[in-house]
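Two complexes follow with subunit A in common, the first pairing it with subunit B and the second with subunit C.
Our next item is the complex of A and B:
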């Protein structure tokens, strides 16, 4: 049985302690990321969190001020969006032919692989269409196919699903799963946590700093304090530690104790009269951001 | 209660193509309604009909009990995906301009924490700041109805929670809110969802009602990649989630058979909203 999860030695790509500044702005401050072969690793954060900077370092298109990047040679990587990615005045099939040729794939093998991916991603009907005439979602799928056509060892995808509808997103996720199943290390950036939850491990960035990292379960169990439901937005200091989600107010108690046994079982504690909430990834990341913003756990460093 | 926005049999045809067909929809005061649909499902055409930018071919569209017009437009706040701000004006100038357009006289003050950006051009501001200015501008004239297109795209989770507080506050104050989004995290914030596919409404209700008793098959194998290959080979539609695989719309026995003697657990689990949405969208396309 093939076990790409534990791929051969030396295929643990990633970055250690990266510092990157753009002019006076520090984009990354000591960020590390592991990208093991056969796994999908998510980099999560809002605009300006440092996602693109980190991904460009991994793809080799940006050098860090300090820190190390472990990546395969350029021809064994795939990057989306590639700066010279897709030619608008070539058809979908021509773009992939051209790319396969550039990668030195045998003609038939390249065509078969491209045809399979187009079919799976729901693009076979538009193989003859000019790339410039594709919808946004189709274009993103074509660019991801082009980036993984040559079976790269490392595939770096910068927000491949942003602005894409759920139907196209499903096609993109099939491509991502396929790349990982072939033993590729996939790193993707997203602003959405429900997407990150589908990845093997997650790095949460905020203002160029790692807020949290690990498997989604690890990030959730590492959440400090406890969460409980409150009937309305609390007054005073507690207002800054509360937020509204799906119509209900949640309050984070930094000193609260989570019931670890119930926590692991993943169901609400029996005595939920006190409104205790079993957190999920979205809660844990929100709490990490609250802690950083309010300085609760970091001695006032906002 | 009178609906702020309503569609009754609303239909829009472009030649032989029906972009919106027989849509019934109502947004009432204090309600947050999420409008979901794949590209081409008809969401944008429907919004344009509500805004009075596209005429209906049949049926009725009303804003505040009358056909959309310039007067009804002034009771509406709209934040498009591109935010709709003037890049070469400052936040204050944008707010003043908008106040003048809506005839509300003096511009509302900038939201908390934005003051330091008051004199910089919008185009040079971080996206998160631009988004807050766009919200403040859309809410400044206290609209009765808010229409938001992917309101928190690109925003970090805490920032998203804070923006949703602003939206919920507007609804608690009596405004009706219509939100279009591709993201289920945003959809979960809406009190009621309307799902469109192929120009039609294919489902309506709370997220829980729409997911209903829908189930998918969850596969946990020693090697997910080997299981992925086997299920693919059997022609099943497979999605990756962590180290597990999810197979929507399949019989667990068929999945088990496709895995052969591979060590794996196979069981049915409740579907997610996104999985249910995908099923509804593809059923309609096949129909």
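Our next item is the complex of A and C:
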């Protein structure tokens, strides 16, 4: 087993040029990611984009075929796997107790830490309840605080908010933001682009390839072409470049000129005379995926 | 209803193991049981001792009796040792006024066969030179004088209990981590694979030990089963046997995706052990074509040890064979289980033999 590179606190954790294949399927093709301390980095992409594979490499449960992973030693990493990693037949307190012991926290410190995090997550009242009897949102919260209980330097969260109601989602975000504020480098996968917009930086994955990366603003302004609102699904070649959002059809014109002045002014994305739309992150990500699928831009990912 | 039937068959087709169990298992059971299910001991192994050994050997005719040893210079003590150490099932000691026949009661079915066959012999035992009339031998049944079934079953059941906890419960416990997705969490925690392996196994080990103690206590207190031999020898045998069964449990869990599959496989290892280990049917009655399987089953060896120690006070020196076999089986199984378990926990991706030329993705050159 190769040892991860380690460094002093504040090191940029992350991965460089990762290639991973599961049998014949190539899950990641040359993906790189930087996870600076104190920041929340989002990995977005559709199903099968390679998010979980990338996160597993970062967490150390999967070794890449090639490429390097920079992560702290095991005891300084925290991981929330897609399966949440919680024992349903243990109580909330017992789950946290197991993690505290497993990460070598002293008994007293472990108990205090658990109490503190339970309080933060609003789970103090259910400490004695079996994890399997918690609601979905509560269970996700428990899994997140279990992953951050030992205050890791790098916290890897695989879709912590999927299937969680809006109130629990904001609670989870508060927990995550607080961990980052305490100096932890957080990497999380999400399918919600409104969540990604709140992150410091975003990596857009599609089919195992990085389509775009940077701050949400950078990704939006780097979107090639322009967007237009159209009244109905266009016919012909344009059909492949259009999608429906909020009840209306949007069409991407790869050759169009972006209305960068409007974007800089932060005007709301309202239709102007020719139906032009100021794109947001969701548009930019959709366009990136469309561009790759339709092969309009032959340059590929940067 | 048609929709259900179609769905059920589709699911069944995917579940290869259940399908295999449904088709292969009945056939296998039929064949194995057909050859194994026999309490008839056709040949009793006999040792003869004393000055008239040759005469006695001549009277005990094949195929009912098989004279394996003849020692004219030895006496009763030697003969009894042959039974204690399982070399023979019956011993005839000549030289007294009446020949003495010792029968090993811990070999229940052989003992019964010997008694039946002796009935035919008795009337012809005429000792020329002493008296013209026939003399009937004095028959002494050792180790299980009442020829009670519980005396031979309970030492064997100790082994079944250990198989049950060791294999079935352990395989369930380990596969549960995989099924619930917590194994991945364990893999990233700062725990050494050995710690996880041992941490997973030690609780079952303790439970199995307590179970064994309970079965022994109940057997001795309620069924009056004797415990004549050395507890240390018995404990060592149980320890080795438990290692094998725990290892099999971990191996099963490493090739099972869920608890259902684990149970199926565990039952498949339990069934032949119960049927073929000599627990129920005497090994010598099992047809040779099937009997060889018994020598790969750990319970076969544990049975020899537990019956030998509990009933006959067999010393460890005489039991070296089952001990060695158990140790070898244990080493093989535990090594395999540890390797499989390590594979679980170590980052996959680049599997073992990372030195081999990995297929470099085409894009790597760009």
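The criterion applied here is as follows: the second predicted complex is superposed on the first by the 275 of 302 C-alpha atoms of A that agree within 3 Å, B and C clash if a C-alpha of one lies under 4 Å from a C-alpha of the other, contacts with A are read in each partner's own complex, and residues count from 1 in each chain.
By our rule, a residue touches a chain if its C-beta (ideal position, glycine included) is under 8 Å from a C-beta of that chain, and two chains touch if they have at least 3 such contacts.
As the structure is a computational prediction, the values presented were derived from the model and not from experiment.
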item: Partner chain(s) touched by A:46 [first = subunit B, second = subunit C, both, neither]; value: first
item: In the superposition, subunit B vs subunit C on subunit A residues touched; value: B
item: Partner chain(s) touched by A:152 [first = subunit B, second = subunit C, both, neither]; value: neither
item: Contacts of A:104 with subunit B and subunit C, given as first, second, both or neither; value: second
item: Partner chain(s) touched by A:171 [first = subunit B, second = subunit C, both, neither]; value: neither
item: Touched partner set for A:87, first subunit B, second subunit C, both or neither; value: second
item: Which superposed partner A:14 touches (first subunit B, second subunit C, both, neither); value: neither
item: Intersection of subunit A interface sets (partners subunit B, subunit C); value: 1
item: Touch list for subunit A against partner subunit C, complex; value: 1, 19-21, 26, 29-30, 56-57, 59-66, 73-75, 77, 79, 81-88, 99, 102-104
item: Parts of subunit C lying in touch with subunit A, wherever the complex brings them together; value: 180-182, 184-185, 187-191, 346-350, 358-361, 363-364
item: Of all residues in subunit A, those that touch subunit B in their complex; value: 1-5, 38, 40, 45-49, 135-137, 162-170, 173-174, 176-178, 180-183, 191-194, 197-200, 206, 215-216, 233, 243-247, 282, 285-286, 289-290, 293
item: For the subunit B and subunit A complex, residues of the former touching the latter; value: 36-39, 126-128, 150, 153-162, 164-165, 168, 182-185, 188-189, 191, 222-226, 228-229, 238-243, 262, 272, 274, 277-278, 281-282
